[in-house]
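Please find the structures below.
Same chain, two partners: subunit A is paired with subunit B first, then with subunit C.
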Partner chain A sequence: MKLPRWSTLIVIVLLLAFPMVVPSDYYRHIFIIALMWVVIGSAWNLLAGYTGQVSFGHAIFFGSGAYTAGLCASKLGISAWWGMLLGGPVALLVGLVIGWICFRLRGPYFALATIAIGEIFRLVATDWRSLTEGMEGILIIQTFRSKIPYYYLALFLAGASVYAIHRIMQSKWGYYFVAIREDQDAAEAMGISAFRYKSLSLMVSSFFTGLAGTLYMNYMAFIDPHVVFSLHDVSIMAILVAIIGGVGTLWGPPAGAFIMVLLQETFRSAFFGLFPPWVSESHVLVFGLLVIFVIRYMANGIVGDWPKIQRLWTRKNPMLPANDGN
Partner chain B sequence: MDVLIQTLVSGILIGGIYALIGLGMTLIMGVMKIINLAHGQLMMVAMYITYMLYEYLHLDPYFSLLIAMPVLFALGALIQKYLLNPLLKVDSILPENQVLMTVGLAMVLTEIIRFIFHSDYRSVKTVYSNATLYISGISFNVPMIVAFGIAVLLSAVLFFFLLKTDLGKSVRATAQNKDAAILMGINAEWITILTYGLGSALVAAAGTLLLPIFYLFPDIGGPFTLKAFVITMLGGMGSTVGAIVGGVVLGIAESLGATYISMALKDAVAMVIFLLVLIFLPGGLKTLTKI
Partner chain C sequence: MSFFETRHLTKHFGGLTAVNDLSFQVEKGEIYGLIGPNGSGKTTVFNLITGYHPVSAGEILFRGAPINGLPTWKICKLGVGRTFQVVKPLRRMSVLENVMTSAFNRTGKKSEAMDKAMEVLEFCELLKKKDYPAKGLTIGDRKRLEIGRALATGPELLLLDETMAGLTPQEQTAGAELIRKIRDSGITIIIVEHIMHVIMNICDRLLCINYGQDIARGTPVEVANDHAVIEAYLGKE
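Our next item is the complex of A and B:
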């Protein structure tokens, strides 16, 4: 889907103005979380959607970033904001090592290996009490009482990650990534080192996911291994965000992040108190049903299959190519 | 020495149940070439069915095998027919769409069960739940022995089915080469439905056998899904003998890890073994032999 330039501009202006216009801390909080998922979803999408390496282990990088910031505060006694400098590079190094181990595996095997490493990270972080405090977690004091600084930081990170991925996908790297996704053997036959470019994709992806983790530590001020290394709440959520929005499209993960977070909050608050409380237990169920529905009927996500959705009510141009995403 | 033998014995006994879980997974993987990330969740559903039968009709869990297995067979077949097979016709960017569909399924199954039964821990306390045999100082938990026996029996039936019957041969043919099987007049779509049903029924048996030993809660599925693919990779994808060996090896490794390393890192042991196998022996144990 090719968005006209002005619509991107409007989105940016609206997001910049949002915390000034909406005085509620609750909505600011939801938007901060959504923007954080924009970063993670876009990062996952770079590796999986564009390079074809489906990872079930992005919690590794998220947790590495979060724990880098947390350990700066709890062990080194410096501000957790140093994590903003260190978290990304640490996650990137972790990604480099994991890529070195896992990129000899392909397709579903790669996915399985990332689940396994993710679980190892979670279990070790839980058990290694002298370093991570185990399940007691790490608690810091928030720097700002207002949500506005965190909002603009999250917005900056989201913008930077989307823009960086946009630029990467327009460069030579981007074409190499897609070539590897489409046919790794053919790409290698053309002289593209699949291992090198898959590693580069993973490094960029883990860097941004690590930064999101650092933001989470600084903003939420509390982490424990089951929150940041969670298979369901981080790794699979990252996948859902990208799938719902549209795998392999630039605007898919940002759209997916907002849809998912808003949906989660709507259900968690039982439609803002309009519905009986038992509705609030159903948000994961709704996610599951949404995933099944999207995969079954819109394999390329809401953004990827947007022309298909539009045709539902305009019923014009039935011969429009169904897949012109990206 | 006694501790070691005790550890090995309980490892082998739990390994029998793991083998059943692995057999279901390896069938599905072999025929469809996908990872079924809803495997443990299907087991969890079967456990709740058995639990309900026990709680309301006072049926013995072992008798419930006869009910839970057909029900899960039907559930699995419906999932394959209406949710997984249609995806083959859809053109999408990621070939892993079927795997991602099973993730969605896993979430839905867990949440529906949580909706009905809430997150409470439940258990089935039968008269034999804590029965134990002692043979020269080594304790044998009776439900574990029964479970092991039934697991061996079911595996034998499965082997007979796969090796001796026409339908079983069609399943193996589809696993080996789907296109060739279709050319030989095998209805591959029907075979995939049958396979997913069979895999679900096997894991249902494993769940029912575990119920007298384990606590039951909606999130129990996830860890068992992980175990299922560890077993399958350990044994070699699509290898039935491999799944049994893999199940027993995982059982032993876990109980050794729990005894000698730490209870908390027991699951990490399984994951480390899994990674090592993926990296150094990607075909699994079946590549070491010629079965």
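Our next item is the complex of A and C:
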């Protein structure tokens, strides 16, 4: 699906104006987190949605980025902002090595390997206390007291990652990625080194995920292995963001990021205090139900199945298959 | 030196010898037919040439240089294109995008890939369907797309694996026409086919194999009258 140019512009203007118009630090915080998930979801989507290599281990790259920034401060004694420069390349190198190992495997076997490596990273970060401080985590002092600089930084990263992925998908790489997703054997016969282009896709994906990790370190000022290398809070969340929004679409992960973060926050705060506190425990259950609903009725996600959703308003039977050639 | 040749090509799958000491030469500009009963090893020969299976013994030479042991994509880059017997359209891409992806084999520029793809689609008479999703094509058009995609990689040698199977007689005639047109554009062709009137009409030379061994070779007429070939297809009297 293509958004018309003017609606993209409106979204950009609204996002630029948001922290000026909305004075609440609480809402600014939610938007910063959502924008961070735009980066991670889009990066995951490049590898899984476009290249067809489903990863359950994106926490590896998020954590690598976050720890690069954290260690800059705790071990090198320099600003954690240097992590912004180093975190992306470090995550990219981690991606290169993991791709070299795992891309001998196809399909579900690749996915399983990423789960295993993700857990290895979490355990190493927990136990290698002399380097990572283990579960005590790394605490830094935030550079800015205001949320506004962080907001614009997150917005810039989100915009840059979506735009970069858009450009990639318009180029030779993009065609090659989708060809590998559709049929790896056919792709090889078309002169495409599946191994090389899967690795390239993973490297771009891990670079942006690592950048999101450095943003997290600098903004939240505290990390520990169970937060940044978390299977369900990072790796699975990245998948949910993309699936809810629409796998293999440019605007799916950004839409999914805002939906998931807003939903998570709504439940975490027990509908902003309207409901008793035990409701806040139920957000995982609701995510599960939401995923079931989306997979059953909108297999292409909210953005991918937007024409179907629109038909709900035009009163045509939305359950009829879309007559758009798919 | 032949344009393309195999020397003592052999492939074992466990205890089964699918291709056994097969040597043949293909000259530039010819249409070389590879025939044989079902399961005689024709597709295996193609899979060996294009690097999908490693060879057990023997050599494959393209323009005088060995290509066995190279990965599939590199063999394609060297100028060997192929189609698949069971067609493999990139289902969620349009016909044009399918062919453009192949055209990127010889260029990094999108506009050049687009031009090349349009040219190939025109050549294969698929231009009218360029915006169809590949999974929406009829089997005849899927086979054309398969050929178009192989052509767009810019091959000098094209391996066609049963591109006529399942087509109507009219489509077969049009397909034979297309294959001749490809040869006339300067591309050497090795073709695996079961439909005898097509093979007899378009091939310059034939090689008939059975149980992975060659049993006859020569012009189509010679091979069709060969005693061993008749026996392989129809059984002994």
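Here is the rule we use: the second predicted complex is superposed on the first by the 314 of 326 C-alpha atoms of A that agree within 3 Å, B and C clash if a C-alpha of one lies under 4 Å from a C-alpha of the other, contacts with A are read in each partner's own complex, and residues count from 1 in each chain.
Following the convention adopted for this analysis, a contact is a pair of C-beta atoms (placed from the backbone, for glycine too) under 8 Å apart; a residue touches a chain by one contact, two chains touch by 3 or more.
This one's a predicted model, so the numbers in the text were calculated from it and none came from an experiment.
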{"item": "Simultaneous placement of subunit C and subunit B on subunit A, clash or fit", "value": "fit"}
{"item": "Which of subunit B and subunit C A:101 touches, first, second, both or neither", "value": "first"}
{"item": "Partner chain in contact with A:148 - subunit B first, subunit C second, else both or neither", "value": "neither"}
{"item": "Which superposed partner A:188 touches (first subunit B, second subunit C, both, neither)", "value": "second"}
{"item": "Subunit B versus subunit C as contact partner of A:12, first or second or both or neither", "value": "neither"}
{"item": "First, second, both or neither for A:291, with subunit B first and subunit C second", "value": "first"}
{"item": "Three-chain overlay, vertex subunit A: subunit B-subunit C angle, C-alpha, nearest 10 degrees", "value": "80"}
{"item": "Contacts of A:179 with subunit B and subunit C, given as first, second, both or neither", "value": "second"}
{"item": "Partner touching more residues of subunit A, whether subunit B or subunit C", "value": "B"}
{"item": "Smallest separation in angstrom, by C-alpha atoms, between subunit B and subunit C in the superposition", "value": "8"}
{"item": "Touching both subunit B and subunit C, residues of subunit A", "value": "325"}
{"item": "Subunit A - residues contacting subunit C, complex", "value": "170-172, 175-176, 178-179, 182-183, 185-194, 325-326"}
{"item": "Residue ranges of subunit A touching subunit B (in the complex, touch as defined)", "value": "48-49, 52, 54, 101, 104-105, 107-109, 111-113, 115-117, 119-120, 123-124, 126-127, 181, 231-232, 236, 239, 243, 247-248, 281-282, 284-285, 287-292, 295-296, 299-300, 304, 322-323, 325"}
{"item": "Subunit A contact footprint on subunit C (complex, rising order)", "value": "50, 52, 71-74, 76-77, 81-82, 84, 88-93, 97, 100-102, 104-105, 108, 110, 113, 132-133, 136, 149-150, 153"}
{"item": "Partner subunit A, residues of subunit B touching it in the complex", "value": "33-35, 83, 86-87, 90-97, 99-101, 103-108, 110-112, 114-115, 222, 226, 229-230, 233, 262, 264-265, 267-268, 271-272, 274-275, 278-279, 282"}
